[in-house]
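First chain A sits with chain B, and in the next complex the same chain sits with chain C.
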Partner chain A sequence: MQTTYADHFRHGDNYINPLPVRIWHWVNALGFVLLILTGFQLRYMDLFRLLSFEETVKLHNWTGFVVIANYFIWLSFYLFTDKIKVYHPELDAKKFFSDSFRQIRFYSYGIFKGESSPHRVSPYDKFNPMQMVAYQVMMLVVVPIQFTTGIMMWDVKRFGNWIELMGGIRVVDTVHVLIFILFVFFILVHAYMGALGQKPSTHFKEMFTGYEEKD
Partner chain B sequence: MNTKLQVLVIDDDAVVGRSFDRVLSEKGYEVSTVQSGEEALDSIENTKFDVVFTDIKMPGMDGLEVTERIKARCPWTPVVVITGFGSEDNEARASVLGASGFVHKPLTPEIIENITLKALNEKVVAEEPVEEVGMANKADADTAQQAGVLRKAGIFAKNAGLFFAAPFIALAYIIALPFVGFYMFAKLGYQAYNKRHLSA
Partner chain C sequence: MTLQSRAGGITGRPKPVSAALLVSLVILGVILLVSPAIARSSSEPGTKSDSKCLKCHSRKRNKTLKDGDVLSLQVSKTEYANSVHGDIGCTSCHQAIAARKHPSRESIASKRQLSLTLNQSCRKCHAKNFKVYESSIHASLVAEGNLMAPLCTDCHSAHAIESMAVYQPVTGLPCKKCHENIYEAYAQSVHGGARANGNVIRDSHIQAPICADCHQAHGVTAVAASNYLQSTCLDCHPDASLAHRQWLPNAGLHLDVVSCAACHAPLAERRINLELYDNTAQLPVGQHNDHAQIKKQLHAIDETGAGLDPLELWNLVRANSEDGQETDITLRGRMEVSTGPEAHRLAIKAEAVRNCDSCHHKGSDAFQNVVVSITRPDGRQISYEADKEVLSSIMSVASVRDFYAPGGTRIQLLDVLLVLSLVGGLAIPLGHITVGKILKKRTKQGDQ
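Showing the complex of A and B:
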């Protein structure tokens, strides 16, 4: 039998991720995986070959544009509405540090003893302090740098002046590859952390149903 | 298509629901009233409300629980808590749960109208054409529209500032974290040493 919203309410489940957020997340996830796979093939052609070089370049470029468009949807909501408060910085340093050390203690000790996470998730406060800082750096610094360098390399002639300004194509390429390596680690850590819910499937289900189930 | 703004009032005292209905229906709102939290949760499954008013003290599910569950389902819908015994504790809890505002009984028509406009401002109701939402009072609608535009500009300025400040604040926290951790360990050690030394 299908679970209704009212069933979730009665069960006390917390509605964390509305449908647009879930669609946005999965478009990003699929985009990142495709970019990583095609990026690997472009960079290390001798290791594996899923598509021809030309097809791989096309797929990499189009996926890149979809991910960039997805980023700007997020940015519009961030700038013009009050709906994305979870990426706002914590301005109370004392609160940040005390919450962070509580979270570090949980990850390094409490989690192995079966304790619950000290961070209580709500729609406006989804991230614990460590996640919050990590996502801010990713979304506000790393992702924009990655798509800027990607666009530069997409059309080297058109963006020649910009590339020169950054120190040449080697610098742009190196930055793009270093961030690409960072993203590979990010995806692995992200999936690992996603499995640290009440049950390994809890957070994954949450990203499909929108609800954080209480048990 | 119904273009009227939808208001839901949850109060076990039917008189309160009727008061809201009388005042707001005249102003062109569509008012639904229910007398329990359970009925309210069923209602929001079928109707998209623009603003919800809930009493705190009700048999069964209380107003705080209703607020939490409505905000969990529709985080962007303003929920205003009506209270007859405005304890600061209840207000603080409701605020944490996402309540947009509080209104204390006894309610006058002016209070009902003003708190509704104020709550709708949060949803930036100014985007809706005045005639479509059926507001009879043009002056109020204009005020709401101006306030909505100002609010949008304010939101943009604040968010743009936070967008540029957030990475620097995050990096400052990351750099400071080990130092703060070391200081806290040293402080704990010092306190433990003092305690032992004094008790010896």
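Showing the complex of A and C:
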């Protein structure tokens, strides 16, 4: 029988992922997959050809703009709600390293022994210390750089001065491709780690319902 | 009713004297109207002094020059009389000649030397065009001592001078005289074809261009100099920019870095021309400084003469950037047609390259030929072959930083990194699953 939201509430499940976060996440996920596929085709037309170059450019550009707009859903949600706490960095270095070490130990050993994750998820403490750093860097540095370089290449003439400031179109493209390569790696590892909940489907369900099911 | 009968009707009698006067006036008017035409078609030139000159010079006479060449001194009376200079007089151009001052005994070094001296005569009446000519690539070649470079008379002839409008549209002369292969290619192009077809393109009457319409008659510039030719195309095709923007991503950039002919002469071999460019001075390197020095430097860098490889190209850019402390040297890339004749074989619009895939993939023909160019002060370029790898090496990020075609000039090192990231992204989950299975198996074995 399907679990309803009322059931989650009755069970005292944590409401981890509010609606704006879930919308952002899945639009972002679909957008990233499309951007990676179209980006791959733009770069490797000789190996991979689903659409014409012209159609691929259009699809890549439009998807890019949707993902950029979507980013602002994420940014606005966290800027204007107290949920931003989930991204507050751990300033106690000792605690950060000891928590990180416990998390690494869990993923490399404890998980196979049936241990529970050392990090207990709650609405204001969603990420383990390594996740938090990774997502902060990703969302505040890497993703904006990718958007910026993508916009520059969308209209090279219009952003000519900015491109020149960055060192030329080759630099802009190389940065864009390096981040694309990082995203290819990230999306594979991210999808796998998403399957490392209590059950392989646990975290995926969380991202659809918003609730973390209690053990 | 005739004029005479009407006049008679008024006075009651005819007036034959007045009628005769009227007829005389009509005849006089006709004579006045046709007299210039008669004069132009006569075989006698305009002035009395010309007759004196032609008394001798209409006969077959030769003069042996210092270089051993023989100069014909004969001038065709008819040709000269019918030329646009027919009534200005011989001494208008041959100013050094007077009744008691005839240079027949003075020796002449060569035909070319005589033409060079007489070339200055044209300036007197045609100052504006002469000034434009002096800024042209033709004058630049003359100054260099190129004996094939045209002087005024090479295009306009010495004595049978006609208005350009009379003969060029029909025959392609005088350009064809030196640029025959280019003219032949032009004749096969959409422009040349339209001209041969009575200036009709796609059932519309269009004044198709001939040489001077694109290259100018007197101010012929080096094709590589600036974007002059592209703006010439756009002068006649003002909607082209907008039309490209309708379908071509980054249309403005394409119009800047791809020559019109690269797509509109679809059968032509294309190449990438990397022009050494000074971003600080906003001028091609060599145009404002010593191109010969850079030429030497280039030869020194490319020791083997086999063409510049990525490292050598990077060294060339770096050497020039370091030379002038604050100079910012880069290579400006442009896709163009490899040869002049091919650049003139422009096809109809429907045959132009419109398929992005033709350039935007690895191994595209467009990126197989690469040259590095230094621009001379007159706009001509000296091109050196370069290895095609200069476009896909990681060093291109520093050297060819302003030219990039997605897919076509992708950096190979990044391909390796992508493979590593794919392998890593799959290896981590697979490795983790494998380790988990092994540990579980061992735990089970331990429990047993």
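Going forward, the second predicted complex is superposed on the first by the 202 of 215 C-alpha atoms of A that agree within 3 Å, B and C clash if a C-alpha of one lies under 4 Å from a C-alpha of the other, contacts with A are read in each partner's own complex, and residues count from 1 in each chain.
By definition in this document, contacts are C-beta pairs under 8 Å (C-beta built on N, C-alpha and C of every residue); 3 or more make two chains touch, one makes a residue touch a chain.
Worth saying up front: this structure is predicted, and the values here are computed from it rather than measured.
Asks: Quick check for you: in the superposed arrangement, does A:R170 touch first (chain B), second (chain C), both or neither?
Replies: second
Asks: Who does A:H88 touch here: chain B (first), chain C (second), both, or neither?
Replies: Once the two structures are laid over each other on A, A:H88 reaches chain B alone.
Asks: Is A:F80 touching anything from chain B or chain C once the two structures are fitted on A? First, second, both or neither.
Replies: Once the two structures are laid over each other on A, A:F80 reaches chain B alone.
Asks: Looking at the overlay, what does A:V137 touch: chain B (first), chain C (second), both, or neither?
Replies: Once the two structures are laid over each other on A, A:V137 reaches chain B alone.
Asks: On the superposed three-chain arrangement, identify whether chain B or chain C touches more chain A residues.
Replies: Between chain B and chain C, the winner on chain A residue contacts is C.
Asks: Across the two complexes, what residues of chain A are contacted by chain B and by chain C?
Replies: Overlap of chain B and chain C footprints on chain A: empty.
Asks: Which stretch or stretches of chain A touch chain C in the complex?
Replies: Of all residues in chain A, those touching chain C are 42-46, 49, 52-54, 57-58, 61, 107-109, 111-113, 154-158, 164, 167-171, 173-174, 177-178, 180-182, 184-189, 192.
Asks: Taking the complex as given, what residues does chain C use to touch chain A?
Replies: Against chain A, the touching part of chain C is residues 247, 249-250, 252-253, 256, 279, 330, 355-357, 360-363, 396-397, 400-404, 406-407, 410-411, 414, 417-418, 421-422, 424-426, 428-429, 432, 435-436, 439-440, 443.
Asks: Would you pull the chain A residues touching chain B in the complex into a rising list?
Replies: Per the stated touch rule, the residues are 4-6, 9, 13-15, 18, 78-83, 87-91, 93, 96-97, 100-101, 122-124, 132-133, 136-137, 140-141.
Asks: For chain B, which residues are in contact with chain A within the complex?
Replies: Per the stated touch rule, the residues are 41-42, 45, 69, 71-73, 75-76, 98, 152, 155-156, 159-160, 162-163, 165-167, 169-171, 173-174, 176-177, 180-181, 184.
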